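Multiple structures follow.
Common to both upcoming complexes is subunit A, partnered first by subunit B, then by subunit C.
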Partner chain A sequence: MKKLAVPLLAVLAAIGLAVSVYLVFYDAPLEYSRNAELQLNGSSLFFNQKIVYFHVGHAFWLFGAVFVSGLSSIAFLKTRNPRWDDIASASTDVAVAFGAVVLFTGSVWAKAAWDVWWKWEPRLTMSLLLWLILVGYVLVRRFAGPSADRIASGMAIFGMVVVPFVYVMVGEGNSHPQAAPGLNPSEGVVGKISPGMRPALWLSVASFLCWYVALLISRVQSTRAERELRELRERGFDLGVLS
Partner chain B sequence: MTKKLFARSIVLVVLLASAAAAFAQAGAGAPPASPPANLDAAREACKAAMNADPTFEAYIVKIADEKAQQKRDQDTIDAHNDAYHHIQKNERHVIYAYAGMWVVAAAFVIFLWRRQQALKLEIAQLRRDLEAAAGDAKPAGRS
Partner chain C sequence: MALLRHAARVAWKDLRIELRSREIVYTMAFFGGLLVVIFSFAFPRDVRAVRGAVPGMLWVAIALAGTIGLGRAFDRERENDTMRALLLAPVPRLAVFLGKAIATTVLVLAVAVVCAPMLAWLLDAPLFAYPGPLVLVVVLGAVGIAVIGSVFAATLLKVRSRDVLLPVILYPLLVPLFVAGTSSTSAQVAEFPNLDAAWYWIEFLGIYDSAFLVLSVWVFESLVIE
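Our next item is the complex of A and B:
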């Protein structure tokens, strides 16, 4: 069953993504409304709305992955059980990939909506900061030596604390689409999205959950293999096989 | 006989009238006459009339301004329509975003797969070496 988990989740994610691509392009309506509650920051973005489905799907599980990493790191620091550290490390690696997608698709969206690739507005800046913390975690694990696991755990917890700030960083004067006039910032576009757009959005979110879990399990296996290799090397040094 | 002659005359008149009407209609569809050759003279006459009558001049200027404004408005509407269709059908950014997403996903999967393969090979090699070392150590210990 354990061996089947990754292929099964990957197949589920592939089917879900195929169906959600169909829904995104053939079923979900384009929102042309000038209604302040539905418009995306003063412009309807027209065809570029199609980016939002996968951008939001990745953002959801970026936050999810950072939380998994932070909680696993707390468990690791408390119990010193390396299994928790493996999960934290694997989840952060996946979060870095998801974060790269979120920043890239967000940047393309900014170009389509505002004709600039980047805006130093609070949410985008905080998202970049979160991603840099995750990249920092990966670098620390790689280069910080014997205490890397504990330093990285601290960074993962710090990253987890940053997530709510990224989410609530929508306020007055903020030009992120979720801060559109007439929208309740805590609900954002996702909360007020047109009912016709919801099936495609939620299916893509569910598909990316399967994809995230498949990648997480796969990466945990790889992290455990790395641990096994380290232990074998130590035995090799003890036996004099390695020098 | 007289009655017959009268009836034939009526038919003839009707036929001739129809032919004349058809001919006149055909003439109306003909291309308009070319502008008068003395256009300069007409312009001069118009200019003189405008100079002589300020009301007429104001009227002509107003008409010209209205025509120019209509053309500017139409140009603006055309430009807006062009921009609207461009944004509405702007698939370029959607393609960039989707391509980027799949490239990152593919790169991550390839990285995972290659790392996994390399680890498997290295672990298998190290295990063999360790078993061989342990095998060598045992006979040496017995002797």
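Our next item is the complex of A and C:
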């Protein structure tokens, strides 16, 4: 059963992705602009909004992966059981990949919708900073030697706590006039999505959940195998069996 | 409280070594001063354009000098192998951490004391227009850098690439601190100063510092074993 988990999840994700692609392009309505000026000029329909189904799908599980990593890091520091550290490391690797997708799709969407590749807009800024913390985690794991697992766990926990500050800092939910220079109303907030788009959105979120779990499980298997190999080699050296 | 007394003693040990040798504070201060001079050359001669960049210059100088100071403070412990002595001492580990953080705060503030007047002098910026908020924001920023930096500098003590890993770990976590510091400073330095915004960001910094002080206190024992 365990051996089937990854292929099964991957197949589910593939099916879900295929169906959601169909739904996105043939079923979900086009987003209308709420901007009166744009409507006056005739460009009231946004085809580029359809990227949100993949962008939000990945963003959901980016935050999920960061959460999993942070909680596993806390469990690792408390219990010192290396299996928790495997999960934290694997989840962060997957989070880096998902984060890259979120930033890339966000950038593509920004160029299509706002005609700039980047804007210091709340969600983009927050995603970028979070991604930088995650990349730092990966670098520490790779280059910090034997105590890397401890240091990286500390980073993951601090990263989890920094995120709310970044959220406030970029002015979301904050009405102070100087708090968020350059803040623009953003599109595609889940709550504001019109009902016709919801099936496609939730299906894509569910498919990317299957994808995230499949990636996580296979990455955990690989991390665990690396760690066990490393421990076996050290024991071999200690015993004099290896040189 | 005994904990604070022990922490003060650890901090005073570091600061007394500093006062006698002045090794870290001279190098950090000179480095900060050099940075200010480089910034003066790096930006165009138009005074108005440069004035907007002054808060950023101040905080970049504080950030870089803070990282150097953190590295040096813990390097000294490692070189003389006194870290083990500190950890074996009959004081709670937390007192050691707090003492190191206090000493680092003082060193970072020493750099700020050098850089801010240099910036005001060389670039003709009204940095000291509102000395109260300025002092407060710089002190809170130094405390934040020192606290989070001490946790990770202590953790990285025996790691090979610690010099480059410390900034890699520290800067993303410190971004809210730098944004708050620069926003508050620029609100004070602007042509039409906005003191409400300056105080908002100072409050933000206060909450950020408190949250990370508490988190560091919780997590320090687990992260720093040897």
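In this text, the second predicted complex is superposed on the first by the 198 of 243 C-alpha atoms of A that agree within 3 Å, B and C clash if a C-alpha of one lies under 4 Å from a C-alpha of the other, contacts with A are read in each partner's own complex, and residues count from 1 in each chain.
One rule holds for everything that comes next: a contact is a pair of C-beta atoms (placed from the backbone, for glycine too) under 8 Å apart; a residue touches a chain by one contact, two chains touch by 3 or more.
From a predicted model like this one, the values you see are computed outputs, not experimental measurements.
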Which superposed partner A:141 touches (first subunit B, second subunit C, both, neither): neither
First, second, both or neither for A:154, with subunit B first and subunit C second: second
Contacts of A:165 with subunit B and subunit C, given as first, second, both or neither: second
Contacts of A:133 with subunit B and subunit C, given as first, second, both or neither: second
Contacts of A:229 with subunit B and subunit C, given as first, second, both or neither: first
A:78 touches, of subunit B and subunit C: first, second, both or neither? second
Which of subunit B and subunit C A:47 touches, first, second, both or neither: first
Residues of subunit A at both interfaces, subunit B in one complex, subunit C in the other: none
Contact set on subunit A toward subunit C in their complex: 77-78, 129, 132-133, 136, 139-140, 143-145, 147-148, 150-151, 153-155, 157-159, 161-162, 165-166, 168-169, 176-179
Residues of subunit C touching subunit A in the complex: 148, 151-152, 155-156, 158-161, 165, 168-169, 172-173, 175-176, 179-180, 183, 187, 194, 196-197, 200, 204, 208, 211-212, 215, 219, 222-223, 225
Subunit A-touching residues of subunit B, taken from the complex the two chains share: 87-91, 93-94, 96-98, 100-101, 104-105, 107-109, 112, 115-116, 119-120, 122-123, 126-127, 129-130, 133-134, 137
Contact set on subunit A toward subunit B in their complex: 30, 46-48, 50-51, 54-55, 58, 94, 97, 100-101, 104-105, 108-109, 111-112, 211, 215, 218-219, 221-222, 225-226, 228-229, 232-233, 235-236, 239-242
